[in-house]
Amino acid sequence: MFRIAFPESKLLKNLVDVISNFVDEVNFRVNEEGISIRAMDSSRVALLDVKIGREILEEFELDQEEVVGIDLDRFEKILKRAKAKNSIGLEKETEENVLKIIIRNGARREFELPLIEVAEEEIRIPELDYKATVEIDADYFLEIIKDIDIISDYVTFLADENKLKIFGRGELGSVNVVFRREEALSFEVSESCEATFGIEYLKDILSGAKIADTVRIFLGKDLPLKLEFVIPGCNLVFYLAPRIEESVE
Amino acid sequence: MFRIAFPESKLLKNLVDVISNFVDEVNFRVNEEGISIRAMDSSRVALLDVKIGREILEEFELDQEEVVGIDLDRFEKILKRAKAKNSIGLEKETEENVLKIIIRNGARREFELPLIEVAEEEIRIPELDYKATVEIDADYFLEIIKDIDIISDYVTFLADENKLKIFGRGELGSVNVVFRREEALSFEVSESCEATFGIEYLKDILSGAKIADTVRIFLGKDLPLKLEFVIPGCNLVFYLAPRIEESVE
Amino acid sequence: MFRIAFPESKLLKNLVDVISNFVDEVNFRVNEEGISIRAMDSSRVALLDVKIGREILEEFELDQEEVVGIDLDRFEKILKRAKAKNSIGLEKETEENVLKIIIRNGARREFELPLIEVAEEEIRIPELDYKATVEIDADYFLEIIKDIDIISDYVTFLADENKLKIFGRGELGSVNVVFRREEALSFEVSESCEATFGIEYLKDILSGAKIADTVRIFLGKDLPLKLEFVIPGCNLVFYLAPRIEESVE
């Protein structure tokens, strides 16, 4: 049994939007720490690790850990009915196989979503030895990915001791953005590194950038890109396997 | 001959939007009391009764009652050209078969809409013995219908001495909203009753809910649903025949 | 070489939007006075003459006149990435065949647009003896053209000593707008005149009306329509050949 509530729907809506870009169904694990969700896309190129801390929930009642399997398409349809400032409650009784979703905007509107069985594959978060960590404004990150999207299917990140450069090139021209050491919010580069990633996956994460204040970009030679979106009371971490250079146009 | 003007276009735009969801052409009857319009949809399931009181019109000049037949699609195209705050004038000369529509936003923009002959079927408003009347916020009503729409094609209203419950059920789950006696703006239930209605017709009336402050819901055993939208200076009453229970999925 | 910057993107975005409605590619001529662009549509019915004065540019560095040939579709895609309040820089090195476009919204986002060769046809601006010049609010002009568009494919301008009348007629009815001498911002009519123009071309110029304060309308018997959009620091002049009356429905 649990009874939890988000003071505003916006955070949950954006997180579910991000997750639904990678998987169709997922398990929400509710325990003493809050809610955690892990998802890997079917091509195993992208991995999401989400934790919502109970401290940002308005209500939190739980008698034992619960794992609820959710059809994200149906869940999103219901969440869309809430305005950004409406509160959202999630409730489950121990014996019932249904999630109650309560939208409050004066009236109390109660939805019942049948739960589903979602195969539990253990998703291990890799421990990687990154050579560069640069933190920038999440808004800038969002705009840059959208900029490059009009020009190229790939985004290249290049870090050296002086700067982080994010760029894309295509037939229509090129886009370049440079963050110099002193412009970044934090900047640690122990070794120069460069890696290229498919832009489709990066676009799928942008709903996360919208609710984040900043994003920490982790790079290493031949390593997956790691993005840590800094959201109060919430961890949203994204891993993306690099593209093999030859395939870049 | 008449010369009338709405201080803002919003009311007229929303009313015409509602009416055009049920019929393609309609008669506007202009007399000493204001404007009245009655419309029944072709399947005879829904009935609209609209009265616009002259007290909310900015200008009102009339020498004799006039009945003007309007092609609603053309009329809507013209009304869309007015912003919500623009005033709208309607003028007709006795001998002419044309409605002048005047939009004022600084400039005076004058449209001429040819009138049409609309067959005058006498539509009688039923006198019904309702067992329950509950008044709620029009905004809540609007949201509830949209909520149920993602789940079901039918909406059920259930009233008893303690509450009004509005709900829908479908394969994707269910939606329930309960207004307890003390939460409703007014609440009179002399007998428990329940009835189910097609959601399509209820969605077609929602532009009326947008301009209303509250809505009075009238229910009775096997009776049509009656909705009275409370709009200053304007009566918008809607009747909807119930669905036979067996046809509900 | 030049390095120029617009303090806000809005003016450039709207001008490029107008120009791209008439031609696919165009030369931007950058000289000591600012930027000038001339374009004639392929049917030679419409002619645009645009001048952006250097006084409204935030930055202006130039060592010699440059003519840069631009694919407007690609350029627009890049400009769309700037929000209305973002500054836009345009830079070109003497030897390079690339235009750098810099969007600043905190981060400095740099796009490179390959330049193209655009055939330089000399476009001569006609010297015409207009009989009527009436200046009205650019917003009114915009709304009137959109009004007539729902009714007719043609717009007629009629000026006499007392008024300017702009109207259209179609099967669905008619639209009339009259500016009396005393309502116009300026009014000079030496001879009555009337002319009819295709509305498609007038709609294509409306992005210019959005950034203009007022528009001066020049009319003469059998002469092209001349529209002078009054935009601080910018000249946007539009010529449109009249329709032969017989072709009007």
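Should a chain be cited, it is by its letter among A, B and C, assigned in written order, with residues numbered from 1 in that chain.
In the analysis below, a residue touches a chain if its C-beta (ideal position, glycine included) is under 8 Å from a C-beta of that chain, and two chains touch if they have at least 3 such contacts.
Remember, predicted model here, so these are calculated numbers, not experimental data.
The angle needed to superpose chain A on chain B by their Cα atoms is 120 degrees, rounded to the nearest 5.
Comparing the residue numbers each copy contributes, chain A and chain C share less than half of them at their mutual interface. Mean C-alpha positions place chain A and chain C at a centre distance of 44 Å.
Chain C has no residue in contact with two or more other chains.
The touching residues of chain A, counted against chain C in their complex, run 136-137, 139-140, 143-144, 146-147, 150-151, 172-179.
Interface of chain C with chain A (complex): residues 74, 77-78, 80-81, 98, 103, 105-114.
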